[in-house]
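Should a chain be cited, it is by its letter among A, B, C, D, E, F and G, assigned in written order, with residues numbered from 1 in that chain.
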Amino acid sequence: MKGFLVLRIVAKMLIPYILVFALYVQFHGDYSPGGGFQAGVIAAAAIMLYGLIFGLPSARRLVPDAVVETMVGLGVLIYAGVGLVGLALGGNYLDYFVLARDPVAGQLRGIFWVEIGVAITVSGVMLKIFYMFAGRRRRDDTR
Amino acid sequence: MLRIASLLVALFAFWVLMSGMFSPFLLGLGVASVVAVTWLARHMEIADREGHPAHLRLVAVVSYWLWLFKEIWLSGLKVARIILDPRLPVSPTLVRFAPSQKTAVGIATHANSITLTPGTITVQANHQEFLVHALTRDGAAGVVESEMNRRVREFEGSDLEEND
Amino acid sequence: MSVLGHYNYWVTVFLMTAGLYIVIARGNLVKKLIGLSIFQTSVYLLYVAPGKVIGGTAPIIAPGYTLYSNPLPHVLILTAIVVGVATLALGLALAVRIHEQYGSIEEDEILAADREAEERA
Amino acid sequence: MAVLTVGVAVQRNLFSVVILSGIYSFLMATVLVALDAVDVGMTEASVGAGVSSVLLLGALTLCGGEEAKPLNRRWLPLLLAAVIVGALVYGTLGLPGFADPNAPIHMVVAPRYLERAVTETGVPNVVTAVLASYRGYDTLGETTVVFTAGAGVIALLRRRRRAAKGAK
Amino acid sequence: MILAHLPALEVVVPLIAAPLTLVLRRASIAWALTTAACAISFVVALLLAVEVARGGPISYAIGSWAPPWGIEYRVDALSSFMLVLVSGIATVVAPYALRSVATELRGGQGTLLYTMFCLCVAGLLGMSITGDAFNLFVFMEIASLSSYVLIALGRDRRALLASFQYLILGTIGATFFVIGVGLLFLKTGTLNLADMADRLHGESTDRAVRAALAFIVVGMSLKLALFPLHLWLPNAYTYAPSTVTALLAATATKVSVYVLMRFYFDVFGLHLLTRVLPMQDILMGLSILAIVTASLVAVWQTDLKRLFAYSSVAQIGYITLGIALGTREGLTAAIVHLFNHGITKGALFLLLGLVAYYTGRTPISSVRGLARSMPLTTFGITLAGLSLVGVPGTAGFVSKWTLVLAAFEADQWWLGGIVVATSLIAVAYVWRFVEAAYLSAPAVPSPVPRDRPLSMVVPAWILVGACIWFGFDTSYTVDAARRAATLLLEAAQ
Amino acid sequence: MLLDIASWALILLGGAFCITGAIGLLRMPDFFTRMHAASIIDTLGAAFILMGLILQAGFSLVTVKLIAIGILLFLTSPVATHALARAALARGVQPMLAKGDVSSNS
Amino acid sequence: MFAAAAAALLVTLSLALVRAFRGPTVFDRVVAANSIGTVAVLLLAVIGFLTGRPDFLDLALVYGLLNVVGTIAVLKFFHFGDLGEPGDEEGA
């Protein structure tokens, strides 16, 4: 699809902005609609677009499989880890109040990290699934 | 290097415009995001002349867009009339012609502009040849050696070598 | 208690039925999955529609608004959507594998292939 | 939207079905936004229109095309569907009407979220507040579900590639 | 300090272990992690059980948000019982996986199997412990998604189809469940089970509530494979890897039963079940059908795994029969049978896995003359089979005996008769194994005993031992079950 | 006030163009001609509605976002159309042509 | 007045839907889908104003973006019958 001159150029122009937009959605989830999940999906969509246009191999070079797989696990670990930190600091599980001296600040901090965890896992999984599906050769049709 | 810097600036401007919030925390996040994305963009090799055409003159771009909008408006009216005409007077046509642009950005702009104008659609576009599908024969005639062609040629700038 | 006051539920009911019908009546595995996801989508409406308050606005607190719609169903449905897409992804992966193994994604063909294999064994 | 569903049911060409379901998803998202569920609408749009259609296409690439035939045993699913319609209609008649501000769901838990979310969590988007804090555990579960799906897809699809490599 | 947070740890430990196994990538590490996580959960579950027996129900507010607003974990007699069962079985099965997985799966799937194993256990534990309707759904999905994958990892290609069917039916079941919960939510405005129950009492004649009951019961029946909705189960159990079959057979359906009981008695209450809708009668009819037909079908099976899978459907019938009785004794019997059948089936499938380890497959023909080459394993299977039949001295006897007593107590003599009669059918299908293993000459040259991996033999025998042990010592099972049943009925009044 | 009227006019115009485009989408005889109709929605309809909304919003962040949407649409819709046309041609969808077919001027 | 715009958009939407159904070729459907995407974006913007909370335009942006990704995926699929390959072969 790289050969599609028009597509290639527009995609090149758009992708960085899509990524920034994804991060914007991520970090402004507190104030406007959006949050970790949506941001994860959008970021993954940007990479998918890249993969669609420049071919799966280049997408794989950009974000290697190993990284993606680590992301898949890492997000859940971050999320669950935030819970454990709350536990360690003397609160209940997933208690954000204890994360900072001021309870509200603690909540904010907790939500922030939790959303990051969600985003990492989601984008990791979406990308991984995309790689998995797009990367397979179709078996010869037996019909 | 300059290109990276300008991409950084552009992305950050985008962030600030989207966000509209200026707490240090969010701005900091913005800077971090932008840097990360730029780094990624470099790895994608999309921050080049094609992907981030910072060399174009802003004035030229804006004036081109204004002109293009006028074109869209005119041909839009034409197509609308055709649609609403009970006889549906279409005479679909395919034309081929060679564009006079040299840079990829120019080609893409030209192709996109043709497609944007209702009544004409670029089916294939490369340096040698455009294949355009037009709703009417008049429209087809208007595409070949058009003013659009000339204007895009002007605004893409000829002084830079194409390094595609 | 009027029937019209419940029209949001009718939509839900319709979608749900249609989705379920697709799942049961269609033999194509991918089609079944799509039906399944429609079936799940109907639930979104079941939850979200009653959360709307007339005159209310989206539950993002901002000065100048006092009446907000109910945020809780939204949260639940976010989770439900995620679950739905997860199921879809897994189901598709399975369908792909099935296609690789059997060369078909039609349920009856697959079952026939199995029967054949069993008879041969 | 209802029509669309019928379309999905009737279409035999799977690609068309995919496109129709993409449209369906867009419409659903719009409806959701109209119902004030902005976050949900955003998610549905991103999932339904973006990810699902790419996924479905990916799967179709690997599985291929047309659906064989319409199915035989038609009365059974219809019957089942009818039973469910009956049950649901029966049930929903007992529910409060559309957009009734006095419905129980607005009386019990939700007011507290709306009143105190900002002071308690500092987050004006109540959906985010509930999602990440009040019901944060659900979201952990949700993330885990995504993780499960991801790991599951890896588990299901990786083997063949390995095997193929080995074969070569 | 740690003691106060046991409920959270119970679920979170396997939950965290899952991504760790994925990130760390090595199968052996993954195995160790899984086993450790399961063991920790088991210890935690035991501690919780002690705590609950001493001090009554424990409520744990996750994120320190008070229950109706946040999500509550609620451990009472019944749920602690389930926790012990699930984590116990998981702890026994996990070590078994090490060798079994190595032979039954190809390539780098091992690690991911452990990931899924952890997730499945975490999901099941979460289902048992949570006191929040929607959280229950989420964990149910974790458990089911992971079990779909686990089943699909089976070597036979039919495993894929089985898994797919399970996925479809399971998702429909889960969606029904969500619809039911949604109706309840719309009616009560809360998701906390206890809160919901409080608000529902008094208006149990409401139509929405009745519909909710119907949806939840149907949904959960799909998950727990109640008779007409059991179609997914035999295939799934037959083609899944042995470890997986053992885990799922012993725990997954049981937890679904638990959820059904939870909603049935805690949320809806007896009034609705008996007076407003003929729910109990329907359930009883289906249970009897399940027992009779599934047992009969089991007799004609040619594959051992499938045979015992059908037997599972029948045994689930006994459990729901106990529920349908709706008396204290009936419930006690149901809960005891839940536990006993769990360990019995666990033992059976582990041993069958051992057989499969040597023979590759498990059609009945393959075990001809097995008594000679693998006397101990054969003996173990026979013991577990006896427990399935309900021979005195085994765990199965205890639960069936309680069930018969409950039937007599409820003046339903004929039910007792049915239980006894169907046990005879069970004798028939267990006999098919015994006949093949002991009385037939080995058709094929007896399989060469390879090494005897202790990691497989020991877990299997622990469960067989448990079958016998709980056949004599009824103090834990019956007493705990009776406590749980009493509590449930009190709530249901 | 004047601004209001202008913006209403623009929005209505946009709406009208959208409907026209949709009618065209229905009426046009073949695939390629339909694409022309669709492009009216994408360009004129979208542009006018967005401009109307911009006038309503005044000078604020909302405007910026509206402009962003506009740019996005203007960048992507021709690309999509172009790719679509090309894919269709590659897949053997023959465009219906008036008498004088492929004319290669220049 | 926003309502009028919304109504116009809804009419457009339903007309496009008809095309999505009838569309003899898949490409007709894609065109319809694409238009519906655009209309949905506009509709969202209008709804934002209609309910008096125009700050939710992010949503419309998300729609637009994903619409593109979706469409391109579809097209690539039809052009090459595969999503993964680089597709360099057609030097255009």
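FYI, contacts are C-beta pairs under 8 Å (C-beta built on N, C-alpha and C of every residue); 3 or more make two chains touch, one makes a residue touch a chain.
Just so it is clear, the structure is predicted and the values come from calculations on it, not from any experiment.
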Chain hops separating chain E from chain D, counting only touching neighbours: 1
Highest-count interface - the chain pair sharing the most C-beta contacts: C-D
Whole-Å gap between the CA centroids of chain E and chain G: 47
Computed distance of Cα centres, chain C from chain B, in Å: 39
Centroid spacing, where centroids are CA-atom means, of chain D and chain G in whole angstrom: 19
Residues of chain C whose C-beta touches two or more other chains: 16, 20, 29, 50, 57-58, 60, 62, 72-73, 76, 78-79, 82-83, 86-87, 89-90, 92-97, 99-100
Multi-partner residues of chain F (each touching 2 or more other chains): 21, 23, 35, 61, 65, 68, 72, 75-79, 81-83, 86
Per-residue multi-chain contacts in chain D, two or more chains: 18, 36, 38-39, 41-43, 46-47, 50-51, 54-55, 58-62, 64, 88, 92-93, 95-96, 103, 105-106, 109-110, 113, 124-125, 127, 131, 133, 135-142, 144-154, 156-158, 160
Chain A residues within the chain B interface of the complex: 5-6, 8-13, 15-17, 19-21, 23-24, 27-28, 31, 50, 54, 58, 62
List of chain C residues in touch with chain E within their complex: 16, 20, 23, 29, 32, 36, 39-40, 43, 46-47, 50, 72-73, 76, 79-80, 83, 86-87, 90-91, 94-95, 97-98, 101-102, 110-111, 114
For the chain G and chain F complex, residues of the former touching the latter: 1-2, 4-5, 7-9, 11-13, 15-16, 18-19, 25, 27-28, 30-32, 34-35, 38-39, 41-42, 45-46, 49, 54-55, 57-58, 60-61, 64-65, 67-68, 71-72, 75-76, 78-79
For the chain D and chain E complex, residues of the former touching the latter: 87-88, 90-96, 103-110, 112-113, 133-138, 140-142, 144-145, 147-149, 151-152, 154-156, 158-159, 162-163
Touch list for chain D against partner chain C, complex: 1-2, 5-6, 8-9, 14, 17-18, 21, 24-25, 28, 31-32, 35-40, 43-44, 47-48, 51-52, 55-56, 58-60, 62-64, 67-69, 71, 73-74, 76-78, 80-82, 84-85, 88-89, 92-93, 95-101, 103, 105-106, 109-110, 113-114, 117-118, 124-127, 130-131, 135, 138-139, 141-142, 145-146, 148-150, 152-153, 156-157, 160
